[in-house]
Structure formats: C-alpha cells, structure tokens
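In the part that follows, the structures are each spelled out as structure tokens.
There are two complexes below, and they share chain A, which is joined by chain B in the first and by chain C in the second.
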Partner chain A sequence: MNIFEWSFLAGVLTATAPVLLAALGGLLCQVAGVFNIALEGQLLWGAFVAVVVSDLTGSAWTGVVGAVAATVLFSALLSGPSVALRADPIVVAVGLNLLALGLTAFLMRQIFGSGGTYSSPDLAGLPDLGELGVDVPVLRDQSPLVPVALLLVVVMAAWLTRTRSGLRLRAVGQHLDAAQAVGLRVSGYRHGVTLVAGALCGLAGAQLSLGNVTLFSEGMSAGRGWIAVVAVMLSGVRPYRLLLACLLFGVAEAFGFRLQGAGLPQQAADAAPYVITLAALVLAAVARRRRRSYEHA
Partner chain B sequence: MYAAELVGVTKRFGPVLANDGIDLAVARGEVHAVVGENGAGKSTLMSILYGLHRPDAGEVRRDGNRIVLRSPTDAIRHGLGMVHQRFRLFPGLTVAENIVIGAEPVRNGRLDRAAANEAVAALSERYGLRADPSALVGGLPVGVRQRVEILRALYRDAEVLILDEPTAVLTPGETDRLFEVLRTVAATGVSILLVTHKLSEVLAVGDRVTVLRQGRVTGRFTASETDADELVNAMIGRSLTPPVPRRARPPVGDPLLEVRDLTVRDADGVARLSEVSFAVRPGEIVGLAGVAGSGQRELVDSVTGLRGAVPGVFLAGTPVLAGRDPRVAYVPEDRHGRATAPEMSVAENVLMGAQRDLASRWTLPRARVRARARDLVDRFSISAASVDTPIGALSGGNAQKAVLARELTRPSTVVVAEEPTQGVDVGVRERVHALLRTARDEGAAILLQSSELSELRDLADRILVLYEGRVIAEFPGDATETELGRAMTGATG
Partner chain C sequence: MSAPALTRRVIASAPVVALVGALGLTTLVMLVVGVDPTLAYPALVRGAVLDGNLEYTIAAFVPTLGMALAFALPLRAGEFNLGGDGQLAMGGVTAAALALLVPLPPGVAVVLPLAAGAVAGGLVAVVAAPLSTRLGIPAIVSTLLISAPAVSLASYLVRFPLAEPNTGIAQTPPLPEAAHLPALGGSGYLTIGLPLIAVLTALWLYADGRTVLGYEIRATGQNREFARYGGVKVDRVAALALAGGGAFAGLAGALIVLGPPHRFVDGALTAPGYTFTAVAAVLLASARPVVVPLTVALLTFLQVGGQGMEREAGVPSQLTQIVQGLIIVIVAVLATLRARRPR
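After this line comes the complex of A and B, so read on.
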C-alpha cells in the first residue's frame, strides 16, 4: 500500500472537506468569542435538507442552496437565544444537536416513508470535477465543494487579518466591553458569525450527503461536527492551522479505509479518526501546559 | 463657554442617590480634577458624561449645546473620550489596531495598515506619547497600555478626555510621565477630567478641583490656591487626625521573620531575587520599595510560603511551610483574585482560613459563620448591605477592610501587606494605616510592600529598596522621597 498514491490523497481530501467547512464556521464563531458546539447538529441538518431538496427537485445545486438556507435558519435557533436573550450557548447548542438528530430521523420517516438510510436514482449527487473538465488527478473525483472549502481557508485568513470587519470581529472576541466602548455593535457581529457558521455547516452537510456519497442515513454526521470543534480548538483560531488539523483527521479516515481494505476489522478502522483526534488533543494540552509553565515562571 | 458641562445631574440606583444635582463645568484646555472618597459619585458622574448611564434629571452640554448621550458611541461622536481604570484594550491586537478600531482607515475595501501606523506615529509624536504601532498590546507594560488608551481617545478626536483613576496602576516614574503628557495634551486645547482620590496629584497637575461627597458637590477650588487640608475637609467632612508620631523605642526581641541569602530563579533559570537577607523583629514595620517587577512578587511569595518551602526563609527561627504558612497574615495586592473570591459572600470571604475553628464535627454551622462575620463587619466598620452580599459588590475600600479583618484576626505573628491602600480613598487609607500600626504595637512583625513612597515613610521603621532582585539600599523610615526614588532606579551612593 502506497500512501502517496493519488487515490489516497484524493481520499484524504474527500474526508477532510465536510469537516473543514464546518470547522471554518466554528473558527469564525471562536474569533468573535462565540463558543459554537452546535456544529454537529447543523452538519447533520444540512446533510438531510440537501438530500430532501435534491430528491424533490432533481438538482444537486438546488439541494446545496436549500441546505445552506435551511442551516442558516437552524443556526438562528442558536444565535437568537444565546446572543439576544443571553442563554447559555453550551446548553442551547446541546439542545440543537439533539434536535437535529431527532428531527432528521422523524422527518425522514415522514418524507421518505422509512428510517435508516435513504438512497434513490432520483437523488442527484454533486458532479465530479472530472465531469466538469478538470483533469488534475487528485481533484478529478472530487465535488466542486472540495476546492471551495480549500479556497475558503485562504479567504477566511485574508478576511480576518486584512479587512475592517475582520479586525472588528477579532476585537469583539477578545474583549466584549472594550469593543462596546469603542462603539462596535457587538451583538450584530455575534449574530452574524453564528449565521455564517450555519451557512458553512449547510455546505458541509451538502458535501457529506451529495458529494462524499449520494444518500442520507440517520446520524450520518457521525461526530464530524465534534471533530470540527476539536480542530478549532487545536487551531489557535488560525485558518491555516485549522486546515492542518482537519487534514490530520482526513488522513486518519482515509488511512482507516485502507486498513479495512487490508483486512483489519471495520470497527478498528472506523475508530481511527477518533483515536487520532484524542491523541492530538492530549498532545496539544501537554504542549500548552509546557508553554504556560514558562510564561508563569 | 465651557467645553463640557453637567448641569443639575441627578442619578439614583434603587435606594441609593449616587448623584444629587451636580453641576460641573470644564473649560477648554483645562485639567479639571474630580475628587472624592469611594462611593462619592465620581464614577457615576463620569459614566453619565460618557453615555454609559443616563441621568434621571439634569443635562449634559458640549460647547454650550445640550446633548443626549445614549451610548459611548454617542459620546465619542460628540468628542468625548474616556480612559477607563480597567483598560478597554484588545491584548491580541497591535497598538495601531487598538487605536484605530472603530474608525479604521480603509483603502480599496482593505484595512490600510500603513495609514493606521502613520496616523498613530503622528499622534505619538504630537503629544509625546511614545508607543510602537506594530507591537502587540498584550505584551506591553501597564504605563504604555495606558498611553494606547489615551492615544485612542485622541485619534477619535476627543476634545474632552476623562481619565478614571489613571495613576492607580502606575509607578511613580510612570505617573510623572503621565502628568507631563496630560499637560501637553491640555496645552493643545483638549479639556481633561481627572478622577482621582490622590490629593498630591490633584495639586500637582490640576487647574481646578471639584470635590464630591455623598453625591453632592462639597467644594470647588483653584488648585494653586488650595492645599491638601482644605481638600480633605471637603472630601470627608472633617480633618484627618494628625499622623501618629513614629515610636522612638527601637523594636526588640528575636526576629519573627528572617530571610537569609534568598535567591529565587524562574523556570528559565534567571535570578529574580539574589542573595536577599533581612530580618523583621516583633513590633517593627519594614517597608519594601522598588520599581514594579524588581522582585517584590517573588519575595512576598517566598515569605508567605506560596512559592513552597523556599530555603532561606525563617519564621520565628523555623523554615517557612509550603502552601500558605499559617503563621503569616497576608494582604495581597490583587484584591479580587488572590485576596477574595469576589462572587462569594462577605461572610464566606472573612471565614476563609478560620473555618476549622467554627466547624462542628461534620458541618459548618451557617449561624456561627454569619455571627462571626457580623462581628468583624462591626469591628472593622465595613459597610456592606449584609454579610451575605458578594464581596465583589463592595467598594474597593470596604473589600480591603474585609481582607484586613480576615488577616489581622488570624493567630499570625508576621503580617505581609502588599499595596494595602491601592485604590482606596483617604478615609479608608487612614483606617488601614491605623490597623497596621495597632498590629505593630501588639508585637507583629510587618513587611509592607508599597509603590507609594509616602505610605512607606508614614509607616515603616526601615525601608529596603529592591532593584533587579537585590536589596541595594536600606533607609531609615524618614528617608526623603528623593533618596528613595534615586535608589529605586539603581543609583547607589
């Protein structure tokens, strides 16, 4: 097995894309001081709506747009209570995650008539870049959302450091009172980032259910939203480090697939990304503690 | 016509009348000091002028016109700027970013960093406020951070600059620099409102003075025609009792606190204290002077046991115990971090350390805890709504009295006090000093760290000067501030 095969790298990108899109949303929230742990629920909701809309209209792109719109609305359930009414964002987010799990399972039965997994010839998946005339080995079999996700990393980095709104977002995240004192409309920024994170999670969900595969199954986000949260924590709110953290997860998942091919039990392969995530968290905590002990001396 | 006026301003918070028909007028280019004890209504008044509170009655005028301030944004638009006591800065942004935020130069939709840096450099130059535009604020010393706040207000074209207790966090040198800056800024026509309770500062830098007591104006003075006594009278409604004369009798007996060749290194191996030796005998107050960061923190942490069982520190002849040696009473500088748990009640805060004495076998009876607290509140004249009030809701002076109540009633023989009167008004300061003198007279050995030289001179029998981790000089308690100041900067002989 050669991990430098194009197909392996392509697998890494495929696995990375949904996590990266959701994590970009989480990063944006983190920059503005909103701790968003509802990424998992939003990702699942986005994946579901993408499939429903694509199935109804026969157009994958309409599915993507629908997923984005529906997830923005869904995320308003987070930003409304936690920003305007000052509810505890953790509690609200836990509620949203549970809501997404239950609501998608329920609506699935209502709309498709059965639970479990839905897949149909009517369901239009996103086209491969190869079909759109892109002839780069790694990208040939990817959906167009994959390069979009990578591009968004660059856009996000530039936005945060080079624009006025980016500067203000960082300010809001660092010191709320101070931001208010210099005349920034703090709650506007906090609402804004939560909704944009919703849009990004909608894209992430669509990539998961119409890009990586073409189906919806209950709980198919399978912890990717949580891994996105971890990636945000590992990134130190820097977009390029976020990309690295997400790629680490992508490598683990792609590697897991390969191990499965090599005869390892499926459960072990499935666990690989989570084991890697845990290991990364521990290492980061150790590194942080070491750094802190210097600073405090 | 005045640059800014408050006319008949009244503000009530529940049953408390914080401002009662206050008139205050600031002329163009004037440094106007607003003084008063804690709770006299200074902060409320300034908050009204900066749009943080709205008055119940009365009005705010700028250049003679009535203005309505609904938020700090309105205040900024009307040319008002404020330097808060707790800085409102973004640690992860650069100096320039901190200054321009809210009114950033933009070119082609992008933040124009070059223009921002240029504008900041020009302002720095104009007002003599040096600060590197590209430095991250988080790593800057306090004095420089304050300059950044002032520059921010000036960048937003403030014509009236409010400074809330600006010197509370500064060293004597930084304070002098700040005053020079304020004079420079005022000379360009900016009006300055200086909120303070340090009278020496008022007399040093103010043009005019307005004194508040219990929400009312109790005096208006021209700084050059008044003196500290007159101001104190207006502030507290009586004169201060004259300072207790230093005792002539030298302290006797074996040292209760002894430090021998103490060297402390940080994790990088850099010596923070080098071969420090001194002793404090019963009934003696030893002062500790020095520029901030000269090793005071390390010395205090070593002596209290917070740094562990450091070799070289002896209490009544035996080594200091790690953790927090119960033989030491400690009044920390950081009032709402080390000294108190701000969200816990007064009763719980004064209990800490004495809980074992009140506990029955399994429980800690609340009635006993509260009764003890009530007793301490009376004895130390702490004004709190009740002993169940969170201590963080008390004024700085009352919180400090509560800390002293807890520490001075411990069965300790050594007292370590760090900046015991920082941020408290003259009345409380007098009371704190009296408490420390009483502890001394009862035979405690006291180590007093203070950045206020007048405090050290009032209290200490001897003053040690720390410089770069060494005791480079020792003075008698009546050394002049000039002598002390010179030694603090490392000038010996």
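After this line comes the complex of A and C, so read on.
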C-alpha cells in the first residue's frame, strides 16, 4: 500500500478522535437514560480551556488536564439543573451550547486581545506518537489521545457488559423503577455519567485544539458535538458500533478534504460530513423500521 | 385583579426573573474580567436606541421576530426547529436568485421573491417532519444536520453561479430596483418588512389561539398520543408546523436580502445570530405566544446594544450571547420549580 493511502487512513483517524471521545460521553449518558445534547458546547469549551492553559503554562498536558477539569465543571451546569432540579435537559443543553459559544468568544477577546483565530509559538501542542517512539504508519502522526480514545471504546464495552457497576448503570437507563426498587441511587448515577461525559468532552476538545491542530478559533467544534449525538443514536448504545459510526464521520471529513484537493468547492467539503451522517441516520432508522414491521408480521 | 397584585405577578413572572438573573450573572462576568458595568450598560443602551441607532435596532427586530416565529410555531407542535440558519439562508438565496434572474413587473418583483423565499425555507424545514414522525429521528437533531449543508449550498450559490463578476467578493450583484423593499418614510433601513412581519405575527397569534388548526397544533405538542386518539392527524399537523416555521425563516431571509443593501452577502444572514437570539426570546416568553414580540424586542435591544457596548466601552459584544445562554438555562430551571410548587 502506498503512502497516499496510509495518509488517508491517518486522516480518518485524526478526524474521528475528537468526535469519538465526545460520543463516548454521550453514549454513557444514553446508557443511563440521559439525553445529552450539550456535547457541542462542552467540546468547544474544552478546546478553548486547553489552549488557554497550554498557552499560559507552556505544557500541552497541563492544558489537557485543565480542559478536563474545566469541562467537568461546565457539565455540572447540565447535571445540576437537569438531574437535581429536573429541568428539561434539552432546553438546558440548548442554553449551554449558546453559553459556550458566547463565553469562549468573549473570553478569547479578553485573554488574547482579539477574536477569530489564536495561535502562537508559545502554544504547546500534544506530541506526535512518532516523537514518542511509536513507529506504526497510521499512528505516527497522531497525538497520544488517539489510541486512548480507541482504548476507551474497549474499556467501556467491557465495563458495561462485565462489571457490576456497568450493569447497574444500564438498569438505571432501561428500567428506572426496577433500579430504584433494588436500591440504586438513580440520580447519583445520572450525575456521575453527566460529569464523566464532561471529562470526555474536555479530552475531545483538547484533542481538537492541541492534537488535530494547535490553535483555537471561534466555533471550532463546528458541529462535531452534534455529529457525536448522532453517532450515539446510530450506535444502539453499543460502544463498538459507536466506533463504526464515528469512523464513518471521520471518512466523510477526510474524504471532504480530498474532494477539496481535487478541485471541488470548499462548501462541498464542509457539507459532506453532515450529509453522510444524516444519510446514515436515515438508513439505520429505515432498516430498524423494516425489521420491526417484519417481526410484527 | 388589583393593580398591586398584577404588579407583583409581573415582577415574579418567569421572563422577568430569568432576565434579571441573567443580567445579574452577566454583571458578575463583567466584574470578574475587569469591565466596569457602570460604563458598559449605558454604552449598551446608547448603542441600541440613541445616536440614530434605534433604526438599526428596529431593522434587526424584523428578521429576529421572523426567526422567533420559525422556532415557536414548530415548538407549539412539540418539534424543536434548531435549523433556522439553513432555512434563513436558503430563503434568502432563493429570493435573490429570482430577483436577479427573472425580470418581473413592479410589485410582483417584490412579492414573488418573498413568497419563493418562504417556500424554500418551508421545504428545507419540512424534510425533518417525516424523519421525526415516521423514523423517530428527533427534529432537534435533523433540522440542525440539514441546516449546515443548506448554509453551505447557499454560500456556494452566492460565491459561484450568482456571484458579482470581477469583484472577488462573496456577494451577488445588487438586485434590480423593482425588487427593493419599499422604504418607510425617509429612512434608509426601515422597510415594509416591519408592518409585514407585524401582520403575520398577529395572524399567527390569532391562528394559535382561535382556530382549529392552532388547537390541533397545540394538542399535538402537549400530548401527541392523546391528540391522535382525539382524531387529530398528528403527523400531518407536525409537518405543517415545521413547514410553517421554515416558511417564516425563509421569509426572514428574503426580507433581509430585498432590504438594504439589496443583495445577498455571504454570511450576512447567519453571522448576526438571529436564529439563537430568537430561540432565547421564545423560550424566555415561556410558551406564552403573546409575549414573544416583547421578548424578541428586548433581546434585539440587547443584541444591537451589545455592538454599541463593544464600540464605546471595549466590551466584546459576545457578552450578549452569554446573556442569552444564561436566560435559556434559567427559564428551564424556573419552569420546573414552578411546576413542582403546590398551587
């Protein structure tokens, strides 16, 4: 296989990683019966904090830790109102997505002095695996968070099917009354998954702004959090299917780049991930409907 | 109700509490980042109403109200339309294309592009209806996913087939004179868009409260199964509501394009954030349609004033987005607290 194709696969993996990390958080929430559509805002917030902290300290890993901590705090704005006070999680999430957009753009101007895009030589990006001695073609140019994301898929699949706490979490999502009857603290689980999803979105944001590129630009999450929401819907809450759904998005984005290189307008490349994701969602829903009517017949 | 009791009820109402809460938190943000609120807020008011800025505020009120109807109408049927940007852009580009490519007699040259813009917006939105009612894909996700390619398509059309030749700027040529919205009075920015949207809002308020269709839309939104049981064709009603919402968005886009500067400038429709200002306004009105024009006026005031605040006090205008986000969260919390309070 020639270098052209290796680089395409590497591009797919790079595009997949932030979406996959956010989607893992969304999946965890879905398992516990929490519809989390604030992934987009949290991803953006994580990307922003990662850049600010890395810029201040000169250390990308401190940036990652800062992003995770700050996004867990941000996700408390979702878990507090929606789990503890039982406010409509959809409305709260719509508000938080808007808040993240405004807050990052506002603070960006306050901290860096201008809007748009910020990059600087002081800004430390995550190292490539190649620099750390990993000499596998597809992984050479990836940040260490990429294999972490892939590993988390395996860990989450095993946790949800093979551990007591994982099974209990699924009970909370599947049968609320039964879970309560055996004495599970349902709201505790729901707070927990929302905050863990925040941590994962923080990682996703750091991967986006310090791994995929080394800069922050306004609204740079660019719908990835929503694609992650769709990936969760496509996954049927199974982690390996989630990986496939996210890879589909990664292929669409990497393919969009190639299309642009081949002379197609940038707008086609911009639209490709959305069109392909939506098509996958529709096909999956049609297939599910077919199967169901077959079973009923 | 006595006057003091009414006053008390207004002060304790969700919109007032949410707005005061959001402004309080925003003032906190200002203090934390070292902005003097006593400079920022007067600059905001001046930016919205004084120094001839009132004209801009009213001009921005028109598309924001259009987008509020685009979100509110489907919401009454229980469908979240977050794809306003795509519907707005497609409405705008359709109106611009028609005005540029087809020579039309005066009068028709305004009405037809407006109608075409509304149809285009409605078509973009209605796609989400079967996805929601037949396939179970929530409209909040599908409208948003459809919106992004729609914005890209409009942007492509404006940059290539409809672009003004030999300028390199992503905009269409100026529309023919006949397609300009008639101005109101001697003003440059006020057009018949304002009375038009006012009439349409009044029609919507009437339809929502007093017609069978309005009742069916509300019934579908409040309890879809019960409405179905009561003989309402809920799938069709949801589709109508989404199409109607999209049509308002498309019309808003057409009104922007046919108004000054009388052309489609790429990004000019989506950049001011009409869609989410409108979402915040509708949620702030907490399901009382009559209040929607008031909350839209209020948030437009904040939005336009925010730009004045940026010019005068050096406070980034994105602060108003923070206010809007906080308003939505606070409204959601208040709604649940009220529902649980014993009556």
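By our rule, the second predicted complex is superposed on the first by the 292 of 297 C-alpha atoms of A that agree within 3 Å, B and C clash if a C-alpha of one lies under 4 Å from a C-alpha of the other, contacts with A are read in each partner's own complex, and residues count from 1 in each chain.
Just so it is clear, a residue touches a chain if its C-beta (ideal position, glycine included) is under 8 Å from a C-beta of that chain, and two chains touch if they have at least 3 such contacts.
As the structure is a prediction and not an experimental result, all values here were calculated from the model.
On the shared subunit chain A, the superposed partners chain B and chain C are arranged side by side without overlap.
When the two structures are aligned on the shared chain, A:287 is found in touch with neither chain B nor chain C.
More chain A residues lie in contact with C than with the other chain of the pair chain B and chain C. Of the two partner chains placed by the overlay, neither chain B nor chain C lies in contact with A:155.
Legend: residue contacts after superposition of the two complexes on their common chain; A:136 is shown touching neither chain B nor chain C.
Judged by the touch definition given at the top, the superposed model places A:164 against chain B, while chain C stays out of reach. In the superposed model, A:223 lies in contact with chain C only, and not with chain B.
For the superposed model, the angle subtended at the Cα centre of chain A by chain B and chain C works out to 80 degrees in steps of 10. With chain A used as the common frame, the shortest Cα distance separating chain B from chain C works out to 5 Å.
No residue of chain A is contacted both by chain B in one complex and by chain C in the other.
Residue ranges of chain C in contact with chain A, taken from their complex: 29, 33, 80, 82, 131, 134-137, 140-142, 144-146, 148-149, 152-153, 155-156, 159-160, 276, 279-280, 283, 316, 318-329, 331-333, 335-337, 340. For chain B in complex with chain A, the touching residues are 71-73, 76, 82, 84, 87-93, 97, 101-102, 104, 106, 109-111, 152, 266-268. Residues 37, 77, 81-82, 85-88, 90-92, 94-103, 105-107, 109-110, 115, 223, 226, 229-230, 233, 265, 267-268, 270-271, 274-275, 277-278, 281-282, 285-286, 289 of chain A touch chain C in their complex.
On the side of chain A, the complex with chain B involves touching residues 162-164, 166-168, 170-171, 174-175, 177-184, 293-294, 296-297.
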